[in-house]
Each structure stands twice: as structure tokens, then as C-alpha cells.
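Just below is one structure, and these are the notes that go with it.
Letters A, B, C and D name the chains as they come in the text, with residue numbers starting at 1 for each one.
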Amino acid sequence: MKQTFITAVVSSITAASVATGSLAQMTEIGEGEGELSIVAWAGYIERGETDPAFDWVTKFEEETGCMVSVKTANTSDEMVALMNEGGFDLVTASGDASLRMIAGKRVQPINIDLIPSWDAVDDRLKDAPWHTVDGVHYGTPYMWGPNVLMYNTEAFAEAPTSWSVVFEETTLSDGQSNAGRVQAYDGPIHIADAANYLMHHQPDLGIKDPYELTQDQYNAALDLLRQQRELVSRYWHDAFIQIDDFKNEGMVASGSWPFQVNLLQADDVKVASVIPEEGATGWADTTMLHADAEHPNCAYKWMEHQLSSNLQSDLSVWFGAVPSVPSACTDGRGMQTQEGCDANGLAQFDQIKFWKTPVAQCESQDECVPYYRWVSDYIGVIGGR
Amino acid sequence: MLSDRAPLSLKIAAAAGLLFLHLPILLIFAYAFTTEEKSFAWPPPGLTLKWFAVTWNRPDVWEALSLSVKVASISTVIAMFLGTLCAAAVSRTRFFGRETVSLLVILPIALPGVVTGIALRSAFSIADIPFSTWTIILGHATFCVVIVYNNAVARFRRTSGSLIEASMDLGANMFQTLRHVILPNIATALVVGGMLAFALSFDEVIVTTFTAGQQQTLPIWMLEELVRPRERPVTNVVAMVVVLVTMLPILGAYYLTRGTDQVAGQGK
Amino acid sequence: MAQTDASLVQSRNEGLGARLSDTLWRRPSLLLFLLLLPPVLWLGIIYLGSLFALLLQSFFSIDHFTGMINYEFTLRTYAELFTPANFDIILRTVLMAACTTVASAIIAFPIAFYAARYAKGRWRAVFYLGIMMPLWSSYLVKIYAWKLILAKEGILTWALEGLHLNWLLDAYLSLPVVGGNSLSVSVTGTFIVFVYVWMPFMILPIQAALERVPTSMLEASGDLGARPGQTFRHVLFPLALPGVVAGSIFTFSLTLGDYIIPQIIGTSRLFIGQAVYQHQGIAGNIPLAAAFAVVPIVIMGFYLWGAKRMGAFDAL
Amino acid sequence: MSAVVFDHVSRHFGAVRAVDGVSLAIEEGEFFAMLGPSGSGKTTCLRLIAGFERPTGGDIRIFGEQVADLPPYKRHVNTVFQDYALFPHLNVRDNVAYGLMIAGQGKKQRHKAADEALEMVRLGGYGARKPSELSGGQRQRVALARALVNKPRVLLLDEPLGALDLKLREQMQEELKGLQRQLGITFVFVTHDQGEALSMADRVAVFNDGKIIQVGAPEDIYFRPDVPFVADFVGSSNVLPADLVARLTGQSRPAAIRPERLKLAETGPLSAQVIGLSFLGLTTRVSFQAEGTRLTALLPQDAPRPAKGDTVALTWAEDDLHLMRAGA
């Protein structure tokens, strides 16, 4: 009896979850629905609240009548969780989240014919594998950039040239050890940073891609992270907390986003950033449409807006990222300039190892350690295992 | 035998303990007036009142505050209703399962908030209930019941059972008895329970994060500002105001229960 | 004369309410049923139903790639709790809860003792409010205050520098395990804040237990030749113990489930509450979050059972 | 017509038979006492009359009316509670006027009636006070006024004098008796004090184990107990066991004899050893051991007193040895 009941409950739940989501793409854009909800990284959707100069929402709302609400997510895992939970239209997903959402049927294909500015998108991004599966597009490129090494200019007389300052104990130019004064990202994807470092310093491991690691390569990366745990007093998972820690906790070096560097510099904190010799991991974010989006028309309007407006230009200044529309660097519709784009890494596209989800059946190796092991093992590393 | 005068060591220990409890809160008051915007610099480089004006003009603060007040008010009313009924049943009659009922009432507060929170969230997701103000209220009312219940049970126990019999003996039916005898006698206990429930709901954050969806109550707003500071001085001001606002019902509850043996904070 | 008046009373009472009242009098179990129905329905459906939903979720598992839940009965999720990393989280949390409880009891006892035995008149009110105010002050504000105090650039550093005692702090921070770069990123910091936030919950039950000890009992002990210390050890403390246990239910349970304090002040090592929060909210792994949430339920189940045997519920 | 009639009334609480097949008739205008040790069922009987309890079996009639389905607020009876049950949130006048307010009387009218009732219990002028400001005796009188102001046909009193000290109790006994005569209302009162029952009541019912053991006038109860329990409980008679009585009178039944009726003599039917003496003022109480039975005698002050350890003979008038039923 009890068994039957549980089975009944379970099957009704399953039925409910299967019933959701059709995969047909839209064929035309209708009237806006008056609302639009977006899951985004911190600093990605600004309406002038932090700095009145950076506002690319108000104009959109005025033009389309679609009122934008933003839910900030701090990690890719959180984005996937929010989209699985539902109730959102768009998500600015990085490559380590996008494929998982496509596989989970949480996002729907995009009809690029409905986005007039699609042609302006950087050719290197148009068919990028993190949003294009079997030739079907599941999103519109938003912004990309590197994970830079942020450092305190008082602790470092010269810009560090290697990620070693966050992985290995050294004495900095202010005469003190880096122990306790460096941070690392509180997300399993940080294992790739370790793998990237090893790729450079231990070539005999044979790492070809920091997201595709065999068991041995993976173990080596974890060992490096365990060594890093001795140096890190607290991991950062939120841009603003990291900003706080650099101000109030005496942090001097960490993997970071240009966004934090910009904000800290704006507050006259003595920091700078660099892409060290090992190269960097990075993110290439795609605006993806939820399979059950309640406001698809507004969503399409936004995807056009994000490509055609000053958003690409201003956001790339604000966040320190590279626009997906190269012309945004030069056409003067926003604040960005060619120099700015170059500084943010426009030319380094090929050196950046963009975030993607590690899977067991990987291309470069026979069998790789899948993402869920990254998740649990990284919790273990932070916990001291 | 212990003398009537406290030993010096005890005095020191008690005073140190109380200082430990109070200094951090007083600190927040000082920070609300600081001119320093960016860091935690201490002592404050200067004092200003400007942040009160800035806070006053922040719509998000007002929205969060009004949501908090709304949630706390409705939750309190529900909790007062349920808690009083439950207290009346448990204290008036002995029935099978009485212990179970009191355990059921206490459970939402005896188990960690994170358990209550995620349990409610799972239930909402299984039952396909979208997040709204009402899902917050559902959670808050659930753990506020025990506060009202505790206060009401204590009062019912102290109230002689023969009062109700006397009223019925004098011709009043159950509803007249309720109106003329029971309610006037438990009124202060209910008001106190209600005030404490309001204060508890107003300050709750752990369960709320799981049941709130995209809405922000004031504590959620505070939490958001703690981890994602935008204008730290505004947070300082709100923090001070929140402390002062929660103090009002607590002081009220204290003055109403003064001279009785009830301890107002029990069961928070 | 008497009769007419009385029948007057009777005839006036025949409204709907009066009839309902008659029915309820005739069937007291109906009255009890009606009284209990709303609260039991509310708590039974909303709360127990939710706990059941939670339990149900913990027997599911998650597809690790898509993050979607597999609605098939499995114990795999519970097995995951016993991986070293996860088991560490449980141990760490229980240990912290135990330390917090002990420290809270030690700090709370003198305050409760003074308030119960020596505070008279106005001082009694002062003590009472002195305990209630911090208890009811906003939880987040309290944590926020400690962040201001414990940060490396915070007040404590400033104060110690003023006293030329910062070498003491540095020496402490260089200790393994409890130390760290600053107090706000150390285990010690987490511990201090836990004690601060939950300690008031310990004072009230101890005070209540101590107030119930009649003075004559202490006098009897003195009369029988016990020195104050002996009276404390053999009479007062055993009688206060149920109060301590009652208070410890709060400190222990609240520490077990908290996820905000270690997130704001601590070493990034997870506690159970954070694991629940992160697996649920960030990783979307609701089954594992549910399994983690079952851990404090089980621990508190044993704890409450033990506390009941010690008579702590009477002191609540 | 009888004021209150019990016909095989029972009230069980689970396995406990608080009232077990009680039949009883209380006459109109009677001052009726229910006497018994605690737990004997007397209070439950009172609560059955008031309507706070419902019988498990049997019929209860008040002035001929079946009341089994009648809630307390529809019965023409009022109660004076043991703890007085004065409403703490109302002043004395509003307490007394409560029943009239519920009955729908106007404020002026009911306050006037309340003040009159307070006069009657000699508390005129206390109307504005709160119950907590009164002494025990005053509260008792307020409770009385509150019940009487409704002009009940039966007044129930639950240990009405139990909480008062000795002197006040004696005074209130007189007052209650006077009020009852003056108003002519049926009074039913419950007590465990046999002196109170005997001195105030027209008739007394002795309860034990949920049953009525004996009903009768105080003299009957006192001098002619039916069973040893009554003899022992009411006024501590000497109870002689059946086998002893059989030897003395030839009838194998227990018998009671009051201590003041036992005399010392040179020779007598019973020889006893003195085991204790205590001086009581007017009399001296002497305890004896006689053939395995403990006996007590009250000797007048002028009678010769034996010494402890003496063996004496006991005698009595034949009438004074009251034969009882065997059993409870």
C-alpha cells in the first residue's frame, strides 16, 4: 500500500516534469508581454543603480515596454539550478552551464532570423560549440573575457608573470609570504585553472585541455589545489565579497574578473590585473531562452537589443569584457574603444580556455573525469581533504 | 550557604557577559553615522546624518520594509489564531495524542531553520506552488505558532479552570464565555505572543531565503547587501533602524508581562 | 418569581451560536476536534507534509550532467553523505555545535545566576532587558557587527594596535587549525559569532531553572555544613542542569542548521547548513540537499530524546 | 416535587467510576450536604447537577425536568466554587452582575440588583474593588452574592468554607444557614468536614467510592450509622467487630458506640487496658486496647481517671450500642 502510494507520487512528479517544454523554435516575434526576467552574472544587467553612467535597461524598457527583472547568480551551478527551477526567461550562461541546460532541455533553440543584428556577431562566436549543437543555435552570444590575475600593486612591485603566486608559497616584494593573502574561486571550475597551470609547468602530464582530464591529470590538479588550500584563507564566490576582501581583509592576489578590478580601481584601491604567461581560463557567455519562457517576445527583443544597442560597448567597459559584436569597439555607439577591447583580450581569443562542462566522453582523451566529480572533490579540497 | 551579596568574581563575569552581548550592537549605531563609505575604517573618520536621507530615498529599502511588515502582520494573525486554538485544546483537556500535538507545534522551531526552509521549498516544488508573498507567509506562520502557543498555554495554566465553568453556570453559553471571560483573561498573553511573533517574523532570514523566490523582505535585503554591498552606509542605517524597530514589540511585550513569571523570549 | 427570571434567561439564548454552543457542550470531543482541526491541519499538512516531501526527495538522485532529478528510488544519495568530503562537513558542524554549546553555557551561567539570585528590583529589570535586547536584535545585524569587528582592517585590530597587543593576535592567528589570515576568515571567528548569536538562548532556561530553586534549599545545604563552593557543586548546579540542557537544545540546533554565519565569517569550509543551501540553491542537487537536511533531524531527534530523559523539557 | 433527583446515575472517567449508580432525591427548600472523603464522588455529583459533567448512565431531574442534555447555562442552578472563581478582570459589582448582563438586563438595573445582593452579604460599598483586593472571606461572600443574584432554584456550594480559617468558618456557617432560611432556596453543598455537614445540613448523604453509603438527618448519621465506614468517618465512633459483638449480644453484626457513651466501671462486659490519655479541657480522652480492638472513651473532667497500663472494665447503656449492617 505504502509502496503503491510512493510510486504514485513519484510517477505523477515525473509526468509533470516530462510534460514541460516543447523544442520548437519561434517563427515570429509578436507583441511584448510587458515583462522579462533574466538570470545574470553580477554586473551584467545594469540599470544605473551602481553608477548612473552604466544603464542599458531603462532605454530597453522604454522602447519595448518589457520591464526587466534580474536575478543575480554567482556560479554556473547556481544558474543551472535557477533555470531548472524555472520562472525565468533568459540566462547569461557561461560555457560550463550552457551545454548542461541544452542537454537538460531547459533552453530552447533560437531562430537567428528573428535577430536582425545576428550578422554583426563576431564570427568566432557565431557557431561556438558551447551554444551550437548539431547546427542548432541555443542562444545569442553576450560577452566574453578572461579570468585575470588581480594583484595588489603595493605587494607586487612588478606585475606577476605566473599564476604561481596563487598556487605556491612565495615571498612577495613587500617582504611577507603570500600565505593567507591569496584567494581562489569558490566553484569547481577552478580545477581547470589548476590544470591550465600544470599544462604549462608539468608538460609530462600530457594535459591537452584543462576541461578534459584523465584520472591522473585530475589527481595532479587536485594535489595542486590542496597545496593552494594552505595559502587561501577564504574562497570567493561573489564578486562583491571579493571586492570587500581586497579592501578589508588584506588580500593581495587572486584569480578574478576584470569587473572587480575596475570597481576596486574606481575606489582607489591599489590593484591591477594581468594575464600571466600560462594564459587564462575565461568565459564566453550566451543569452539563452528558457524552454518554458513566459515572455518569449520580450526575450527576442532583448536578444536583438543586446547586440544592437550601446550595451555591448558600455558593458565591455563596465565589466572589462570583450563584446560579442566587434564593431562595438570602434563604432562609437558606447564608451568602448579599440584600445579598451584590446586590453580586455580581444586578440587573445585563442589563448583563452573558455569554461565548458567537463564530460566523461571527452574529445581529446579516452575517458575524462566528469563534472559531478569536480563538484564533490572541490568541496572536499576546500574542506581540507 | 550562599550569601545575599554576590561574590566579586560573579559580578565581573556577569558584567563581562552582558558587555559581550551589547557592544557589537552599539557599534552598529556608531557606524550608521560614519562618513566613510567604502571600508570598515574605525574609528569613523567623521560623523554625518546624510545617510539617513539617502536611505529614506531608496525605493528598494521601502519595498523590502513594506513586504516585511506585510508578511509579519499576516503571519502573526494566522499564528495567533492557530496558536490560541492549540493552546486552548492542550491546556483544557487531556486527550490521547496531547504530547504529539505539543511536539508538532514545537518542531518547526526545534529543528534547524534550514530544514524547515528546504522542506517547504521541496513541498512547493512538488506541489507546483509558485513563490509569492504567500509562500513566505506560509513558512513564517508555521514557526510563529509556537510563540503564541507558549504564551497562551502559560496563561491558560495560570487561569483557573473554574472561571469558564462559573461563566457558563451564570448563564453564558460558550461563545458568550469566550467573549466575556476567556478573551479578556488571555488578552495580554495573546498580545505579547503576537508581538513576539511579529518580531520573530520581521527578523527571519533562514527560512525566508528558501520560500521567498524573487521577493525581498528586509532581512533578505540586508543579507543581499551584506554579501553584495552597494552602498555600505545605507546598510548601516537600515541595520540600526531594524534593531530599533524590533525592540519596540519586545519592550511592549516586556511591559505587558512585567510582574508575571512569564519570560517573554522563550521559544524564539 | 425565581422561575420566570430563569426561563427568561433560557429563551434568550436560542440563536445559531447558542445552538452550536449546546452541541459543543453535549459533545466535548467535537469541541476538542474543532479546536485542534485548524492547527493540526496547518502544521500537519504544511509542515509535516513538507518534511515528508523532503524525505521523499532524499531518496531520489540527480543526473550529474544536466542537474535534473531522477525520480527513482535510490539510496545512492545517502551513500554520498559518507564520502570523506561530505562526512567532514557533518563532523565539522557537530563539533562546532558542541563547542558553541559548551562555551555558551560557560558564559551564560554567571549572567543567569546573577539575574536569578542577586538582581533585585530595578536591577532585575535591567538584567531582563539586557538579556532580551540582544536576543531579539536582528540576527543579520549581529553578524554584520562582528564582520566589522573581526575584519583584518576592523575594530579589533585597531583596538589591539592601540593597546600594542597586536602581537598577541598575530601569535594566535599563526596557530594551526584555529588561526588564519584574520579572525574573520578563521574557525575562531566563526566560533565567536556562533557563541555570540546563540548564547542568549542559553541564559533564559538556566535563569528559569535557577529561579525555581528555593532559597531554603540552599540554606539547608549551608546548614548541613556545605561551603558555598560545595553548595554550588552539589545542590545548585545539578538543579540548574536541566536548564542548561534545555538551553543547549537551542544552541545546538541553531548552530547545526545555520548557513549564514559561516558563509560570512569563516574559512570557506562548509557546514551542514551551507551544504544544504548550496546543494539546493547553487548546485540544484535537491536530493543531496535533502539528505544533508535529514542529518540534523536525526541528530536533533537523538538530542531531544536524551534531553527529555534528563527532564530538560520542564525547564523550557 | 423534589428539587433534584438522581436515578441510578453513574459517571465514569475511563476505568474510574467516580459516581457509581447513585440514586438520590433532594427536596425543595432543603439544606442538603454531601459528605465524604476526597475522591468519594461527592464533588462529581455536584458537578453533574450543575452540568459541568455529563452522566455516563442514569437520569438526573431538576424540578422534574430531565437535564441530561441541558448545558449549565440553561439550568436554574448556580454554583459557589471552592476557589470562588471570581473573574479577575471585572470588579466586584460587575462580577455579581455578570449573570444578569448575560441575561440581557440593562446596566443600571443589573448594577442596582448587584448592589442589593452585595448588601445582603454585608459587602455594600465594595462594588468598585477588584477581587484581588478582597480577603478570602469577602471573596467568598461575593461568590455567594454572584450566585444568588440570579435567583437560582438550587444553589450548589463546593466546599464553600474550605479555604477559610476556623473562626471565619464558624461565622459563615451561621450566615449561610440564615440566608438559606431567609431565601428558601434549595442548598446543596459538598464538604469533607463532618462537623460542618452535621451542623448546617437538614440532611446529609455520606459518600464513599462513588456510592452513597447513607442518607439521613444529622442525628441519624451521627448516632445511628448504617455501616462501620459511616460510624468511623462521621465523628469517629468506636466500631466493634462482628465477632466481638456476637459474643456481647449474640448478633453477628458490627456495632458502633460513641466515645462519650463508654463508661468505666468495676465490672462490665468488656475488659480493656489503658494505653494512653490526653487532656482535652472539658473531657479527657482515654485510649484502650480491648480484645484486639482499639477503643476511645471521652471521660468527663469529674470522673475518676485511670492510669496508663491499668486494666479496667467498660460498660454502656444497651441503647447506645448501635448495631450496623455488615459491609462497607
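Everything that follows uses one rule, which is that contacts are C-beta pairs under 8 Å (C-beta built on N, C-alpha and C of every residue); 3 or more make two chains touch, one makes a residue touch a chain.
Not measured: the values here are computed from a predicted model.
Student: Consider the two chain pairs B-D and B-C; indicate the one with the greater count of contacting C-beta pairs.
Tutor: Of B-C and B-D, it is B-C that has more C-beta pairs in contact.
Student: Going by average Cα coordinates, which chain is farthest removed from chain D?
Tutor: Here the answer is chain A, farthest from chain D.
Student: In angstrom, rounded to a whole number, how far apart do the mean CA points of chain B and chain C lie?
Tutor: Chain centroid spacing, chain B to chain C, equals 14 Å.
Student: Just the number, please: Cα centre separation of chain B and chain D in whole Å.
Tutor: Comparing mean C-alpha positions, chain D is 53 Å from chain B.
Student: Cα centroid separation between chain A and chain B, in whole Å?
Tutor: 40
Student: Please output the residue numbers of chain B that touch at least 2 other chains, ranges allowed.
Tutor: In chain B, 39-40, 125-126, 168, 171, 173, 227 touch at least two other chains.
Student: If you look at chain D, which of its residues touch at least two other chains?
Tutor: 51, 71-73, 99, 102-103, 150
Student: Chain A: which residues touch two or more other chains?
Tutor: 9, 13, 85, 247-248
Student: For this structure, enumerate the chain pairs that meet the touch criterion.
Tutor: So, checking each combination of chains, I get A-B, A-C, B-C, B-D, C-D as the touching pairs.
Student: Can you tell me which positions in chain C touch chain D when the two form their complex?
Tutor: 1-3, 5-6, 8-10, 12-13, 21-22, 25-26
Student: Can you list the chain D residues touching chain C in their complex?
Tutor: My answer: residues 51, 54, 69, 71-74, 76, 99, 102-104, 150-153, 185.
Student: Okay, in this complex, where on chain C does chain A touch?
Tutor: Where chain C meets chain A, its residues are 56, 63-69, 71-73, 80, 83-86, 88-89, 92, 151-154, 180-182, 184-186, 266-270, 275, 280-284.
Student: Can you tell me which positions in chain B touch chain D when the two form their complex?
Tutor: Going through chain B, the ones touching chain D are 160, 162-163, 165-173, 176, 180-181, 184-185.
Student: Going by the contact rule at the top, pick out the chain B residues touching chain C in the complex.
Tutor: 1-7, 10-11, 13-14, 17-18, 20-22, 24-25, 27-28, 31, 39-43, 78, 81-83, 85-86, 88-89, 93, 95, 101, 104-105, 107-108, 110-116, 118-123, 125-126, 138, 141-142, 145, 168, 171, 173-175, 199, 203, 205-206, 209-210, 219, 222-223, 226-227, 235, 239-240, 242-243, 246-247, 250-251, 254, 258, 263-268
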